[in-house]
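So, here come the structures, one by one.
The two complexes that follow have chain A in common; it is paired with chain B in the first and with chain C in the second.
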Partner chain A sequence: MRSKLAEWQLALPLGLAFAALFLAPLLLLVGVSFYNDEKITQLGVGSWSGFFGDAFNYKVIVDTLLLGLKTICTTVVIGYPLALVYMDLSPRLQKVLIFVIVMPLLLSVVVRTFAWIVVLGREGVVNSVLLGLGIISEPLKLLQTELGLVISLTQIEMPLMLLPLISVMSRVDPNLRDASAALGASRWRTLFTVILPLSMPGLVAGCLLVFASSTTAFISQTVIGGVRLIYLPLVIWQQALVVYHWPLAAVASLSLMISVMTVIAALSWIGRRSGGYVNG
Partner chain B sequence: MFNRRQLLAGAAALGGASLLPSLAHAKGSLVATTYPGSWEDAYRSVVAPMLKKKDDITLDLAPLFAMDQIGKAKAARGAPPFDVFLLDPGPRIVAIEGGLFDKFDPKKLSNLSKIPDGFADEYGVCVSAQVVGIAYNPKKVPKPTGWTDLLKDPWASRLGLTGFQTTFGTSSIIEISKQFGGSLTNIDPGLVELKKILPKVAAVGLPAAMPGLFQQGQCDVMYTNTQTVSTLKGKGVDIEFVKPESGAIAFYTTMHVAKGTEAVENAYKYLDLVIGKDVQAALTPEPYNFLPVNKDVPLTPDMPMKSLDEMAKYINHDWAKINPLRAAWIDKFNKEMAK
Partner chain C sequence: MGRRQSVGDISYGLVIGTLALLAVTIIVAPVIIVLLTSFTNGQAIKFPPQGLSLRWYEQLFDASKSGQIHKTAGNSLIIAAWSTGIGVVLGTMATLGLARNRARLARVADGFFMSPLVLPGMTFGLAALVYFSLLGFRPSINLMIAGHLIVTMPFILRTTSASLSQLDPALLDSSQSLGASWFYTLRRVTLPLIAPGIAAGAFLAFMASIDNVPVSLFLSNARTDTLPIRMWGMMESTLDVRVAAVSGVLITAAFLLMLVMEWTVGITRRMRD
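Here is the complex of A and B:
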């Protein structure tokens, strides 16, 4: 009993910080959303009904979630094979690869985003190379397209996919692969029936992080995507800092939070389920 | 391609500046906002050293567009994150309505007599004037003559657009709309025309992103102010300013002391310095091209006007009428321009 109390007390500082810095502002956000007017004087559900009474905002929410899912797909398709390669590397090369993976995190996201302007722009690296090789005659439009945005987000978010994936995969017993091969399974079968299920917790964790980060990546979305691709963070910024309609900004923020958390809950559920499958 | 300052400016403009100030309320310091880009360059390299030298005040600059300044000041509720605002006419009215300014006493400015009558009032002081028109890359597209050219080829497919977030964006779309039967309070005709050319338009971006997009060749024609053109030119970008045939837009840029600031005295010293001859004379020539408000500082020959008296001949917009409509315009722009 005594030790339990001590444990509880140990969690107290974090709990209080959490309450003060996260819960209280969140409640404030919820509170502000229940005002009708931008001067925050008139209580009501006008901001909610206004936001959800506008079909355009549904499109924005769906586009935001789709952007997250697309980024998940590309980071998995590129990241997973890289994690497989990592498993087979010598410890020294593994360290090099980890460094390469972590390196982008050491740069500000602003720098990475502006670098992508230079790469994807009309007179950027990609277009110059393709034009120079005679593959295209007119510059491709990559900047301010969803394709360009997904390409850059894939690079920007890649560490968030790879780090949890690698940490889980490096704990997978290499003997399991040998055992699978010895029992006659092909490499593909080993991958899909042994490695993939065992790496599922890492994969799901990576997906969660990539999803949460890419759906809220305001700078990348607006600088690379431009303002014709409208995602929730842009709506929040406009309402909060351009129009000063805080109740609407609060509704948009909560919508972003709720929709992202719903997808995250679904992903965790899949993760738990696959975990059960592996252990069962 | 981008130096540290530009990147910081970009980050700040995009909302990252909240961490910048707060450090600076030590004695002999002042936090003032400035616009990202040419204003920041000029104030950092010219005004900050002068203020340090003359009054031993360390100037911290928070690069923020006018509307962002209001947003942050409102969010801070009585504890302003900076001591001095730099604003355009529209946001100035919003800030006055929101009670964000300390009552201003022009008599505290020793240089008051050097600026024209009416340039300082109970809210703040005019520090410069801005002229908005069309910028284009002379190596890529022919010189456009007016707003309607932007909607025709070859310009339309090289056009960079921004919405109603800034004064220059709002003013320019109003002027485009006027060419098609719109007015100060009716921008619909302009949006209809812009929407027609939207599939081929080169870029639609946030205001803070536009100079970068122009520099990178993503767009070759855009609407902007004369200072942005000078700054980009100073960086070796092929860019020229055009006064549209229907007239360029001009407005005064003002500075204000934030309500609740503890650095009131330093703020007045700063404002006095800014309208003083030394700063105004230093910011007038290339590469800054700021329109001076000090009577002792003549305008340079390549400026869009010969004297501030010409301001009356330029297009002036009544922001008291524009402000109430802007939220709906931003919403409309989102919807019309969205893919």
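Here is the complex of A and C:
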């Protein structure tokens, strides 16, 4: 039998790969952001002060974070009820529903984004149905609006919300719900005082994944949002591959990382606190 | 249940039911609509489609007209196969090494390996581009494999460590007390039992690599473009109807793969747990 030290060494190759291909690039990116010029010769904080000296960039950061929060809201509002319904289904129907939920996750984001162009476009499904019913006389402009983008991201990110939610909810003892009903609580009250607090870890995990994914969803943001809606990933892409100003691109991408990580830390803090409340 | 249905309970059923129905519609409808649109006979992407035909699929499978798309699809498959293959070996080794280790450093390492899941992909993509360029590497398939290896690793680790934690330690103890070596136990007991978990993780990692945009966006050039990047280009310029046909192929492939993985390793159960 091997000693503990030898077993631990099995993780070394992956550790080295992550150090060389993940940690080192990220550290280098931080280094590059402290250069003033695009040739990367002159050390300084010029790129940081330049980026944050421009009021436009604040708006882009705020818009990016708001986009993530709006997507969280829509996925929770329709995803949570679907998870509740899932709990009441027979095992057979549960299998079908989980298949339906997981399936889009395995479908390329590009395909899902394209699907929403077909649905929301000028000659798309929504417009032809509404025009056909005579509800509107002019096609609605849904693409290149934030509304269209949030609707699309709701579908694109939905599996990330539902999987952790369903996973946690399946572990909630069904007797608790029955006990709550037997003691006279309405179904609304049972939802808010029993099920919601117990499913909080899943809800928070889902929110984290949805937020992280929707704020960095470059393809959906550029294709559905168009050129007038500008989010941080587009700024990073432009600075890195169009303007070739890597220090500025580094500042933009580190700003994305720091702001996203801050919101994620805040969300998990809320999650831990509410978890403590339930257990205490 | 003998309990009387109150107004509150009826409103609960209505509200929750309607929202859940909306959720299912929003998840499923776009996929079906794209499938239908791909069979259009018209020149433009419209719904309902203008007459049904397979003309866009014929164009897509015609190597002389869509050679570029075929090449990018080939690149995607090669990158996904290599990054998943290397990832499974490194990921399984690391899981075996860390699973029973209670040291603080082991927990930190675990969190470190899982962090690509929440770190913005655009940040890592740019970091990889800057890093490899300053080291003097030119864009190549190898760099893409290295980048994809990192971002798909969490999928492999999650399912592998989940199946390893369900493994009864008594099996390992009895194998060892019967005189089997550490390696023999690994080969004949541990690996066969966690194989479905590894397979599920490999499948998810493979699909995540095929789907990856942020890393490919920064690390690819015209020669090493992957299918999603190519499709993005087709969507941004003229709305080529072949995008619908490619989508149709990808939807069908994902559906079939999903069925196979469900029958063999119970993929949905592993993703839920």
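Simple rule for what comes next: the second predicted complex is superposed on the first by the 265 of 280 C-alpha atoms of A that agree within 3 Å, B and C clash if a C-alpha of one lies under 4 Å from a C-alpha of the other, contacts with A are read in each partner's own complex, and residues count from 1 in each chain.
Operating definition for what follows: a contact is a pair of C-beta atoms (placed from the backbone, for glycine too) under 8 Å apart; a residue touches a chain by one contact, two chains touch by 3 or more.
Fair warning: this is a prediction, and the values are worked out from it, not measured in the lab.
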Combined model on chain A where chain B meets chain C, clash or fit: clash
First (chain B), second (chain C), both or neither touched by A:I166: second
First (chain B), second (chain C), both or neither touched by A:L196: neither
First, second, both or neither for A:W237, with chain B first and chain C second: both
Chain B versus chain C as contact partner of A:C73, first or second or both or neither: neither
Which of chain B and chain C A:F114 touches, first, second, both or neither: both
Which superposed partner A:I98 touches (first chain B, second chain C, both, neither): second
Which of chain B and chain C A:P81 touches, first, second, both or neither: second
Chain A: partner with more touched residues, chain B or chain C: C
Stretch of chain B, among 7-15, 313-321 or 331-339, that runs into chain C once the two complexes are superposed: 7-15
Footprint overlap on chain A, where chain B in one structure and chain C in the other make contact: 108, 110-111, 114, 117-118, 121, 123-124, 218-219, 222-223, 237, 240-241
Touching residues on chain C, where the partner in the complex is chain A: 1, 3, 6, 8-9, 11-13, 15-17, 19-20, 22-24, 26-31, 33-34, 37, 44-48, 90-91, 93-94, 96-98, 100-101, 103, 106, 109, 112-113, 116-124, 126-132, 134, 146-147, 149-150, 153, 176, 182, 207, 210-211, 213-214, 217-218, 227-228, 231-232, 235-236, 239, 243-244, 246-247, 250-251, 254-255, 257-258, 262, 267-268, 271-273
Chain A - residues contacting chain B, complex: 38, 56, 59, 108, 110-111, 114, 117-118, 121-124, 143-144, 146, 218-219, 222-223, 226-230, 235, 237-238, 240-245
Residues of chain A defined as touching chain C within the complex: 1-2, 4, 7-15, 17-18, 21-22, 24-26, 28-29, 32, 40, 77-82, 84-85, 95, 97-104, 106-119, 121, 123-125, 128, 151, 154-155, 158-159, 163, 166-167, 170, 181, 186-188, 191, 208-209, 212, 215-216, 218-219, 222-223, 232-233, 236-237, 240-241, 246, 249-250, 253-254, 256-257, 260-261, 264
Chain A partner contacts - residues on chain B that touch it in the complex: 1-2, 7, 10-11, 14-16, 67-68, 70-72, 74, 94, 162-165, 198, 202-206, 209, 212-213, 216-218, 326-327, 330, 334-335, 337-339
